[in-house]
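Two complexes follow with chain A in common, the first pairing it with chain B and the second with chain C.
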Partner chain A sequence: MALVEIDNLKTYFHKKNSIFHKMLDKGPLTVRAVDGISFAVDKKDTFALVGESGCGKTTVARSVLRLVEPDAGSIKFKGKDIYNFTKQEIKEFRRNAQLILQDPRSSLNPRLIVEELISEPFYIHGLVDNDFDLLNRVWDLLDTVGLSKRFSELFPHELSGGQARRVGIARALALKPEFIVCDEPTSGLDVSIMSAVLNLMQELQDKYDLTYLWISHNLQVVRHISNKIGVMYLGKLVELGNSEKIFSNPLHPYTKALFSSIHRVEDRKKNKREILPGEVPSPINPPKGCSFNPRCKYRMEICPKKEPQLEEESENQLVSCWLYNQP
Partner chain B sequence: MNALLSIEDLTVQYRTRNGYSLAVEDVNLEIKNGEIFGLVGESGSGKSTLGKAIVKLLPVSAEIPAGKIFFKNRDIITLSEQTINNEIRGKEISMVLQNPQNALNPVFKVGTQLVDVLYFKNNKKIKRKNLKQDAIEMLKKTGISDPEYRFEEYPHQFSGGMKQRVLLAMAFISHPSLLIADEPTTALDVTIEAQILALLKDLVREYGTSILYITHDLGVVSEITDRIAVMYAGKIVESAKTDDLFDEPLHPYTKALLKCLPGYSSKEQLATIPGQVPNLNNKPTGCNFCPRCDYCFALCQKEEPRLREYKADHSVACFLYNQEEKEEAEVEDEKVNEKEGA
Partner chain C sequence: MFNSQRFFRLKKKFMRIINIMKKDYRTYLGGSIILIIFLSAAFAPWIAPHNPYSTDVVNRLQGPSLNNPLGTDSVGRDILSRLIFAARPAVYVAFGGLSISIFFGLLLGLTAAYLGGIIDRLIILFFDFVRAFPPLILILVLLAIIGPSLISVIIILGITIMPRYGRVIRAETLSEKEEDYVESARSLGAGKVRIVYKHILPNIFASVLVLGGMDMASMIMWEAGLSFLGLGLQPPLSSWGVMLQESYQYIQTAPLMIVWPSLAIMLTMLGFSLFAESLRVALNPKAGQEGQK
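Now for the complex of A and B:
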């Protein structure tokens, strides 16, 4: 059984109508941040969601953690719908599912020292027996993420980006969760520090049987760490499946273009690069039919008329494109 | 001298509460006409400081105790602020910064800001309305659709990628000989990054501008540059033609950095560089990279290696590639050992 199952998730943001808007009688403004997404994350998997900014990756992550209310669809954690949890179950879920945020430094309270930052979750969940035990636990956690005891006395501004990131990981690990949502955990880090953080996260996954939902737009990192990926475009999944398979043989035109725009040292002598024209359209008023059709070079007659569905093209690879699914 | 820009023994230091912090130390580099030169390094390696020093845009706490920056055979450091403003900045040397969101003034129309560049370049002698056509032409060249309409819009109506296009238009409108691009694509998505880099290449081909491209992204730099210098803790540790550098990296730091990049297929552990970048207020004696280096030997801790040509167009600052000095040191070491033994 999958640890997390997402079925037809729709999260919309409703903008308040301004008086001008009402006068023009344009109807309600709705940002369709996530528009019908289904996938499942198995235990010990690293599922990566990739896509450009504004495609709804972070909204999915927040919905999965019950931080925003979805408009439709269901999210099941260990087989139970998280939006039907009782109070007790919510508390259990908050312990079991953790979040690592994008900006390592601003996600730490600047007025607390590292020791307080890491011990906070224990207080919130009432897991403190005595202060000495707690301090030992904090030291253990610091040790797990590769920091020495000395760091427990420091404030966030005294830490480097990589160290702050490690503290963030220690906080997420404190309550021994099973599921961690990582929202761009390596953005803003230097290459050498990023590689150390990636290694650490992989080690921790093996050690504690963690499941990651990894949100990133750094495709190199995603390729390295994930075993399943979902490619998002304008709130929808356009391709889903085994990561190795998709990276070696992307099917959807958007996935192809996205992967082709990665700059890699190894590819510097190859000269073919597909440059995707234009920009992501507004999710308030997405294009009709396939949402990628205005930028797609394989556009056919059917594309602007009817929306393709995510269908299995080969084993472990689903794609939503009329090129593959016959209408 | 056929170099457009040549920097000789440049040192830049910042005054801090704990004394001077050496951000750039003894840097030598040359940029030829029409060349894209990449400057790579991690954060805090001094690459942006070097970029700012070239246009003299350093903050007041910075000092240049030594070195020369020759641009078209004039030493920029000795020029007065007024000469630089009138003759160099924005005319001969343009700059594109990292964050397109903050680089445009939010209260002026995009068109006004673009025309301003031309207006001041011509020493206010041509009326603004006569310059409008040139500005629209430039916007069109940078791939902005419907330029007449967008000319009248404000920066908040542009997306990040579009703003960066406007900034490139502003940089190229005065036909500069040198463009300093300080991480121009880090804030952008990959697909937009690819668009901007392609545009940059086109503009360089059209105007024959040289570029100093400052970045930490080795992937980007490998693709667009002709030559690269790698900076570490304020010093250039290796400098070579792009292909040579990536085919055969010499300095242990460059090697380690390349190994850190997430590879394609292997799910194995990534290489890391142990330790941290040294404190710029208190650099170690000897080679800066020595505490983190796998190949470090006795001499590295005592003396500082200088950037030397190892083979044609490939210089490195490391004793591993400087056989004579290495052997001398070994002989000395042996002598010391013998004495101690005796």
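Now for the complex of A and C:
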């Protein structure tokens, strides 16, 4: 059984209507951040969600952790719907599922020292009977993420980006979770630091049997770390499946364009890069039919009329595109 | 409790703040002014050279002399003694009024911002309701209901000034609660009370300190205005505000007379502002490093 199952998740943000908007009579403003997404993350997997900025990746991450209320669909953690949890189960869930946020430093409270930051999860979950051994636990965690004891007395602004990221990881690891949502954990880091952090996270995964939901737009990182990926466009999954397979043979036109943007040594001369025309349409008013159709160079007659569904094209590779699906 | 890690950590943080404040001249300047005011308020009967209420009409409106270091007022009372005695209502009003407005401002502002929705609307409505009246009218009405006394002045000033704090705190909380670290605490399972108390409050407290330092003086001035209208302190009790109003009439015959209470009010405000500023700097985690002021 999959650890996390997401079924037809829809998270909309409802904007308040201004008086001008009402006068123009355009109906309610709804940002369809996530519009019907289904996937499952198995235990010990690294599932990567990729896509451009604003395609709803982070909203999926936040919905999975019960930080925003979805409009429809269900998210199951170990077979139970997280939005039907009892108070006790929520507490349990908060221990089992953790979040690593995008900005390493701003996810740490600037007025708390590292020791307080890392020991906070223990206090929240009442795991401190006597706090004599708390400092030792903090030191152990710092050691796990490769920081020395002296860091426990520093404030977040005294840390470098990489160190702050490691503190964030230590904080997420404190409660021995099974599932960690990593929202762009490598953004804002130097390439050398990034690889060190990536290696650390892979080591931790092996050591503690962690499951990652990895949100990123850095495709090289995703290729390196994930074994399953989902490609998102405008709140929908356009391609889903085994990471190796999708990277070697992307099917959806959007995936192709996205992957052509990866820098490779061999094609420096041959300019194979595919530039998509136009820009991402507004999620307030997504195009009819396939949401990618206005920018797609393979557009067919059916594309603006009917929306394709995610269907299995080959083993472990699902795609939603009329080029492959039969209408 | 006192040898636990938590206590040890608190002590370490506290010592850090003290150490930073020790290096700041504002701590000493502000602190000594505050100390002088507190001491004169506490030990007024022992410090004051004369009885502040005994009149001596023959020696009225005198300039400074050995017997009366700051001169005498319109009925020959010693100005220095009156100034020292008047430190008491000043301290009561400034501290009592400010404590009330900061406490309720924090309570309502944090609640409004954090809970949002209808509660936020109601609290904002209440703030606007209080602010909609000219403060003097509101104070007059409330005093007429409760009856004039020092305590009612303190309470009413506290309530009247409170929306200032409430609004600032609400606005700061609204922006602070969208910060990543709040989200991170939520995902760890921290409850609302913990987030507000442990994460948001320390980060918004700086603005409260700055506002408080400035409002110290306006509290004293408000009390002066009310006493002038006969709604605050009842004669023969004196306050700096009352003295200011009295000496106003004699500004041409005894111009020095108005200087002393003004100086006292100014110094009080200066002392509290300096001390609040030094505390604010020390509370900032980035303080105490090179290149940081």
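Note that the second predicted complex is superposed on the first by the 321 of 327 C-alpha atoms of A that agree within 3 Å, B and C clash if a C-alpha of one lies under 4 Å from a C-alpha of the other, contacts with A are read in each partner's own complex, and residues count from 1 in each chain.
Note that contacts are C-beta pairs under 8 Å (C-beta built on N, C-alpha and C of every residue); 3 or more make two chains touch, one makes a residue touch a chain.
Note that the structure is predicted; figures quoted are calculated from it, not measured.
Residue contacts after overlaying the shared chain place A:Leu99 against chain C, while chain B stays out of touching range. Of the two partner chains placed by superposition, A:Lys306 touches none, neither chain B nor chain C. After overlaying the two complexes on the shared chain, residue contacts for A:Lys149 are found with neither chain B nor chain C. In the superposed pair of complexes, A:Asn130 makes contact with chain C only, with no contact to chain B. Applying the stated contact rule after C-alpha superposition, one finds that A:Asn199 touches chain B and leaves chain C untouched. Touch criterion not met for A:His14: it reaches neither chain B nor chain C. Interface residues of chain C facing chain A in the complex, by the touch rule stated above, are 4-6, 9, 12-13, 179-181, 183-191, 194, 198-199, 202-203, 283, 285-286.
Against chain A, the residues of chain B that register as touching in their complex are 42-43, 159, 161-162, 189-195, 197-198, 216-220, 222-223, 242-243, 246, 256-258, 260-265, 267, 269-273, 276. On the side of chain A, the complex with chain C involves touching residues 65, 67, 90-91, 94-95, 97-99, 101-103, 106-111, 113, 115-116, 120-121, 124-125, 130-132, 134-135, 153, 155-157, 168, 171, 175.
Of all the residues in chain A, the ones that touch chain B in their complex are 52-53, 160-161, 190-192, 194-196, 198-199, 202, 217, 219-221, 223-225, 244, 247, 257-258, 260-269, 273, 275-277, 279.
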